[in-house]
Amino acid sequence: MASKNIVGAVLVAGGGVAGMQAALDLANAGYYVYMVEKSLAIGGRMAQLDKTFPTNDCSMCIISPKLVEVGRHINVELLTLTDILSIEGEEGDFTVTVRKNPRYIDMSKCIACGECTKKCPKKLNNEYNESLDTRKAIYVQYAQAVPLKYGIDAKECLFITKGKCGTCKKLCPADAINYEDKAEEVTFHVGSVVLAPGFTPFKPTEFDTLRYTDVKDVITALEFERYLGATGPTMGHVIRPSDHKDPKKLAFLQCVGSREVNRASNGYCSSVCCMYAIKEALIAKEHSGGALDVSIFYMDIRTFGKDFEKYYEKAKAAGIKFVRSRIHSIQPESGGGVKLNYVTDGGASTVELFDVAVLSHGLVITPETKELAKKLSLATDCYNFAQTSTFAPVALSRPGFYACGAFTGPKDIPSSVMEASAAAAAATSKLTPARGSLTKVVKVPTPVDVSGDPPRVGVFICHCGINIASVVDVAKVVEFAKTLPFVEYASNTMFACSQDSQEKLVALIKEYGLNRIVVSACSPRTHEPLFQETLAAAGLNKYLYEMANIRNHDSWVHAGHPEEATRKAMDMTEMAVAKAVLLSPLKENVIDVDPTALVIGGGVAGLNAALTLSSQGFKSVIVEKDSKVGGNANRIHSTTKGESVADYLSDLKTKVQNDPNIELVLSSQVDKVDGYVGNFTTTLTTGQAVKHGVTIIATGAKEHKPTEYLYGENRRVVTQLELDELLKADDQNVAKAETFVFVQCVGSREPERLYCSKVCCAHTAHVAVELKKNKPQARIFVLYRDIRTYAQKEDLYKQARDLGVIFIRYDLDSKPQFSEDNKKLTVKVKDPVSGHHLIIQPDYAVLAAAIVSGRENELAMKYKVPLDEDGWFFEAHQKLRPVDFATDGMFMAGLAHYPKPMDEVVAQAQAAAARAVTVLTQPKMTVGGIVAEINQARCSGCGVCKAVCPYSAIDLDDKGKAVVNEAMCKGCGNCASSCRSDAPSLRGFTNAGLFAQIATAL
Amino acid sequence: MPEYLVKESSLASFFQALTQGRRLLAPQGQGDNCHLEVSTGPVSLDYANTHLSPKAVFFPQTEKLLAFHKLADKPKPHQYQDLGDKAEPTVIFGIRPCDAKGLSISNKVFQNDRFTDPYWKGKYEKTLKIGLACLSPSPQCFCAAMGGSPFGEVGLDVLAYPKDKGLGLRTLSPAGEELIESTSAEKADLASEIQDLAKKAIEAQGPLDAYQAIDASKLMDLYQAKHWANTAEPCLGCGVCTFFCPTCHCFDLQDEANDLGGVRMRNWDTCMSQLFTAHGSGHNPRPSKVERVRQRFMHKLKYIPIKQDGVRGCTGCGRCVVMCPANIDIRSVAATMAQASA
Amino acid sequence: MSEFEPKVVAFFCNWCTYGAADLAGVSRLDYPPNFRVVRLPCTGRLNPKFIMEAFKRGADGVWVSGCHPGDCHYIAGNYHARRKFVLLHSLLETIGVEPNRLRFSWISSAEANKFQAMARDVIESVRACGPNLTFRKANLQLDLAEVA
Amino acid sequence: MGNLETITQKIREKAKSLLESGQAEVVIGYRAGTIPLVAAPFFARSAADCDQLVWSSFARLNLANYLPNRTEKVALVAKGCDARSAVGQVVENQFPKENLYLLGVPCSGLVDPAQVAAKEPRPIQRATESDDAITISGQGFSVDIKKAEVLRRNCRTCAHRTPTVANELTGPEAPAAKPDDFEDLKTLLAKTPAERLNHFKDLIKDCLRCYACRNACPLCYCPVCFVDETRPQWLGKSTDPMDTMTFHLLRGLHCAGRCTACGACETACPVNIKVREFNRVLDKTVQENWAYEPGLAWEQKPPLTVFQPNDPADFIK
């Protein structure tokens, strides 16, 4: 490798949530990223969602900061409307050729004002809203799109296709339209490739019995999602499509295009449909004020993720009906609605009418992705998902190629995000020498010290072409601004954000000695960073900036009231000036980062995290309380893919032991913790003090000790892990055994443990298959509540059934009964199909005992990180930050977060390492800016600020007074508003500034 | 000065005459609820003292001093307008001698050879003060011990006392004389009666020798005495004592402005507040309540006597004794001071 | 204009409701021009005294809006804010501030329509309350005529 | 011996033994006032001092107010509300728990001088008390008044008269009163907003902005109170009614979820404003929304330091 050229850049294909996360982690770890997206904008499927389960977070709200971050990242090159043509070479140095398709819009000129789209005569299906409404031929994909630039649909544009029209070009105030735009081929080099092409929803068009194509009131779940969305075709109002009336009864049909080998050839479970159906059902019901009647028709409810089971219970409590039945066909009703025939649990055939049938369609690989995989010679499974191994879950069959998201199997957002981070780590494990070689750094002059100088405010009022000026009397606002206190200079500008305006701004700052800048233009949410960069370029502290949003909040919404709009623009400008006058230059301090990680827990997660960090060139210390590493994996026989865990573990141990970057401290635990991100000092119970920049908590979990089913009383009753141990040891009794009963959900999904342990169903199916293969005459019964072999693991379930394993369902109120007579074990269970009781006398009864958390309260307190009510470590955000804690520099991996199978454990460990690298890779960290500070003279030490700080950034010092750790503060200002004596203040949003704004608002 | 008599039957015409060309302020209400209010006619004499001291008439809690505007389009922008001297001719009836003495002490602060406060002066000089002597003191009263008397005459134009359901009067200034002459009051010789009544009223108050001892002590001995920490310990720092004190006169200047202009005003301030002495730098020469409590008692019992020829800054009205939530009784404090410096 | 035009001070969190207002702009959803927005990072930054100050200075109404519970960009800012709002709301309502003068909402950055509807509702209900003459500081009575 | 004397005796004995053993360096309790109907805060540091300690129905101040910033070991003579305030101060880091000895007094309610004056307007020279009644006398009169008729309003609805957390009680538990049902507030809410605003404006019309209510309050230990803020000085210092109202509203808000209804604020008010009216509005809100009462246990978390995801707030649209 050393002799070869290693390129410090990575290609990320796909701009969905997985691709974005991978790109950010890569770019923040010192690699240049080419992000290729075939559509106009990034965001992917998540941008189409209304809410996300199980927190009902607004999808757009949580994704849009990520969109902006990717869009603005100096080391992420966004290539939209781009197709990959070829990738040649090998890991370390690939040559990528792409085709950039024409947008017909000059991105550097487009200000996304939307004037062009108003008069475009073409009305086309709006893909963002699943074609439920229309868009124009010149359009943005969705309102919050990044890049927020229009594009022309060349196939439909009248000018491009027929040479007629040209209206948009006439209307564009920024002269951004270029009908002559051409496709171009571009070639660049990368060291590795991360593929995140995502999925497409299964189109139920071929299922003629479901009548999707011809019955209006049969819709897909994604269509329903758009109806729910505030930006959807009905602005969040659920309708019955046939007559736009409020529906009263709604049916969700699960597994449409999933778990379906006959008609769809999709044998796998799509993993997310149960949850999204519950989500859509709940939200629709909520919208209706509870009146809506919702039924979900399902085969197994698969709510296996963190907090999913509680969500399911919440839905039941909210009155959502769950009917275990797979609907074969839908009949339309005259006058709207549909008729469903189904058989209830009791066997009764039922007919029920619904207003709308929602098809919970599965996730499938697109033909383009299939084509791409083929072109790149990547191994795929029979469903076109890319093949990976349990122990390298994001590495594809060809070196240098990595994947995240639905490409390797259907999965939800947090899993995709986890994999994205994991892929970022894996994709750079061989690129370490080139880290930082291609990344750009912004160089700005040292800001002039203006503290103590009287404010000299420069005010710039933007016309935004005609966007502002056609409504607001800009000249009048300028004249008004000149009369405001401390204003030294005020002028208007056609486009404040244009390159020449920016240059002029720099010149004016110097010419007039301006030390505060106010721009009255558009939204600070989109444009503040741009202007701040300009201030920095002019040698002014970038925080001496304030913006008045006289476009989005004024001219665009008060077009009919130009006088009031002008008055409002004046007020808004005055408010901005009043605040600007009181702004102080904010310091950003640099702190050292100790480039070492402390990994707590030496199980598969901890070891993988440390190895991944080592591959990135970072040292770690693993602290393991046991006298050996490996954790629970020491007890597991083989993975659901049949790989030997023992072999893997011994390989892993060898690697760790031989790795000079890894120090292993056995039989030790964390004793005392000091410090914060970049600068932790953790003292171990061995007395050793470890200095580290980040902490990864991978403390694992335990197998629940069952208190039922004669466990511990009868030797034939064993837990799943105990059976694995017997299998590992080639136990003769097991080998001789003829009859096995597996009982699922032992201790899981019970009121006191309201979660699914996630791994048991697949593991049971796997073991059952193995036992059957070894001894086909063996009689194997699986007693279950819902079989949850999600994703491609569904194949195991099918295989087990094909091999003759008998699956018998039981309910929580009719659990299997175990009895013992003369050392003979008898299991009695009611077969719900026949209604009869089955009596089984097994040689072994295997209990799928729950996975329970270690309830690491002490550890959590020491690092000031939270646990949820089940004792799992609580992540910063369930969807988008699944391995981060809210507290900076703290990460988690493995079962400490939630039960999960080994491939997900490895992925999460790699992800935690990737996230850790984004911290460790910077020798110095910049902290400060808009953060809180404490005036200790006003502090009583009552601790309210500390209690309300979501980031544990406030502590009490040895005098009992509050102090803010700038490295951990995110600037929310909770402390500042909670303190009764105003000891904390939030820089940039001080009381003085806000009071000044209130005063000038009136 | 001569004495006069107002018979019960002529009370109405007496008060009627007082209101001629001026407003009459007189106590209304009972107990804690007794206030100086504008009155037209016969007033109740059945009250211990007004809830607040009469200083508020001359030195209101909030007083606007001047106004300014900042409208560039008006003539003479940024000029200010004096809001003082809007006093109307007034007569106050029923000031207790302790409070009258308090006013005279404050008067020397607001009007002296170095400085004249026009806001105080205007009101003070347009007001005639008719005192009402105390026949029976309340448990908190100790005016005599402070060098005053229930029949004290300091600061008054006329001293009245209840007599046979009417009033006995003694005029104490030419203005007072002129005022009474304009009423139906008849001349009478009441000197010996006044002397007797005053003697009785003084005897009803307990003697307190501590004050002489304080007068005799050295300032620094009193100042440096060890007891102040203990004396101040129960103090809540509320400053109620100063708000009710007839001789407390400290104020704080404040500007309030909006986008049109603003006003400058003064508000009562209190030395019990840490903000009272806080410097812009953050330094505070009276950082704790110990210094602040010492300041108050030293001011009343030592500093003012030094500045005002031996006249004590406390007039013995007893309001602070009653009002102090922590029952810090100036009489006990004086005793402690006397003891400590002895 | 003879009709009373209410003045409303609005406090929006940067991440949700300010974004919704941005989106309302993009979507050209018109609403009355009567309120002025103070942008906060989070409703958690909103000290109740800002609301008092707005009224004290003569605002006819105050509108506070942030992320839906659970959506806070800062994890829990709006949860803490909500408790403060509960207190302030009950206090002001009890002491006799017309409920329509002080409005609260959760509007996500995607809910431009809700934003528009709420904006209209806020202004119209404040308009119905009439000018705030009672819960404000009296004018300074500058006697400007005299000064001039 | 009446109950009051027994308690006084017990306080003195315990105070002496605590001081002697060094368990306390100061005993904060009450002495007899220098004027009738008053018991004053008193700091006993010697056995001789202890003989001045008394218990009476006039012990209206909240002695927890004297805890913050004190470095000595303190034994606090604490009635129910004082004890709760002291616990609150420990929770809020204002006093170390290990330095605090709570000598709990089961309280049967304290006498409101304003109500006494309403019954007997003549100047009172002397007041004595038995367990059930007080005897007041002045020039030419002596009157007995049943305590139950002149209890402070907060005492009439005190559900925690006996300290819930104390190192020791001076006697058997006092029967709790029927808790505040806020009926008057409910009646008030039925009136129009304008009527309610007038009611509250009228309530504070005499306010002198002396802040005695604040200074007497054990919750008001801030180094700088919002009324004294100068950068920016947003609250006017004059007697402007809106500035005054703002003071009372924010004072109420700052006490919300922390107020133990001790009534010290009303005791201290020199112009007899029922300042607790503001607190009661919020007491009601806190109890209804978060079922919280402060100062009942060391482990309590004040309601503005925590939240529940499903906290009620229907008024937020």
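Going by the order they are written in, the chains are A, B, C and D; count residues from 1 in each one.
As a convention for this text, a contact is a pair of C-beta atoms (placed from the backbone, for glycine too) under 8 Å apart; a residue touches a chain by one contact, two chains touch by 3 or more.
Computed from a predicted structure; not experimentally measured.
S.K.: Using CA atom means as chain centres, which chain is nearest the centre of all the protein shown?
M.R.: Taking the mean of all protein C-alpha atoms as reference, the closest chain is C.
S.K.: Could you quickly compare A-C and C-D and let me know which has more C-beta contacts?
M.R.: Taking the two pairs in turn, the one with more contacts turns out to be A-C.
S.K.: Round to the nearest whole Å and give the separation of the Cα centres of chain A and chain C.
M.R.: Between these chains, centre-to-centre, one finds 33 Å.
S.K.: Once you find the CA centre of chain B and the CA centre of chain C, what distance in Å lies between them?
M.R.: Computed from C-alpha means, the inter-chain centre distance equals 47 Å.
S.K.: Please tell me the distance, in whole Å, between the geometric centres of chain C and chain D computed from their C-alpha atoms.
M.R.: Centre-to-centre distance between chain C and chain D: 36 Å.
S.K.: Please compute the C-alpha centroid of chain A, do the same for chain B, then give the distance between them in whole Å.
M.R.: Each chain's C-alpha centroid was found; their separation is 73 Å.
S.K.: Which parts of chain C, given as residue numbers and ranges, touch two or more other chains?
M.R.: 48, 53, 57, 70, 76, 80, 84
S.K.: Residue numbers in chain D touching 2 or more other chains?
M.R.: 226, 234, 236, 240, 304
S.K.: Spell out, as numbers or ranges, the residues of chain B touching 2 or more other chains.
M.R.: 256, 258
S.K.: Can you tell me which positions in chain D touch chain C when the two form their complex?
M.R.: Its residues touching chain C are 185, 188-189, 192-200, 226, 234, 236, 240-243, 245-246, 249-250, 252-253, 256-257, 278, 281-282, 284-286, 289-290, 303-304, 307-309, 311-313, 315-317.
S.K.: What does chain C use to touch chain A in their complex?
M.R.: 7, 9, 14-16, 18-19, 21-31, 33, 36-42, 44-48, 50, 53-54, 57-59, 67-68, 70-71, 73-77, 80-81, 84, 108-114
S.K.: Under the definition above, what is the set of chain A residues touching chain C in their complex?
M.R.: 50, 55-62, 64-65, 112, 114, 143-144, 229-231, 235-236, 523-526, 549, 551-554, 556-561, 564-565, 567-568, 571-572, 575, 876-877, 886, 930, 948, 950-951, 970-974, 976-978, 986, 989, 991, 994-995, 997-999, 1001-1002
S.K.: Could you pull out which chain D residues touch chain B in their complex?
M.R.: 33-36, 38-43, 61, 65-66, 114, 117, 121, 123-125, 139, 208-212, 214-216, 228, 236-240, 264, 267-268, 270-272
S.K.: Quick check: in the complex, which residue numbers of chain A touch chain D?
M.R.: 937-944, 947-948, 956, 960, 978, 980-983, 991-992, 995-996
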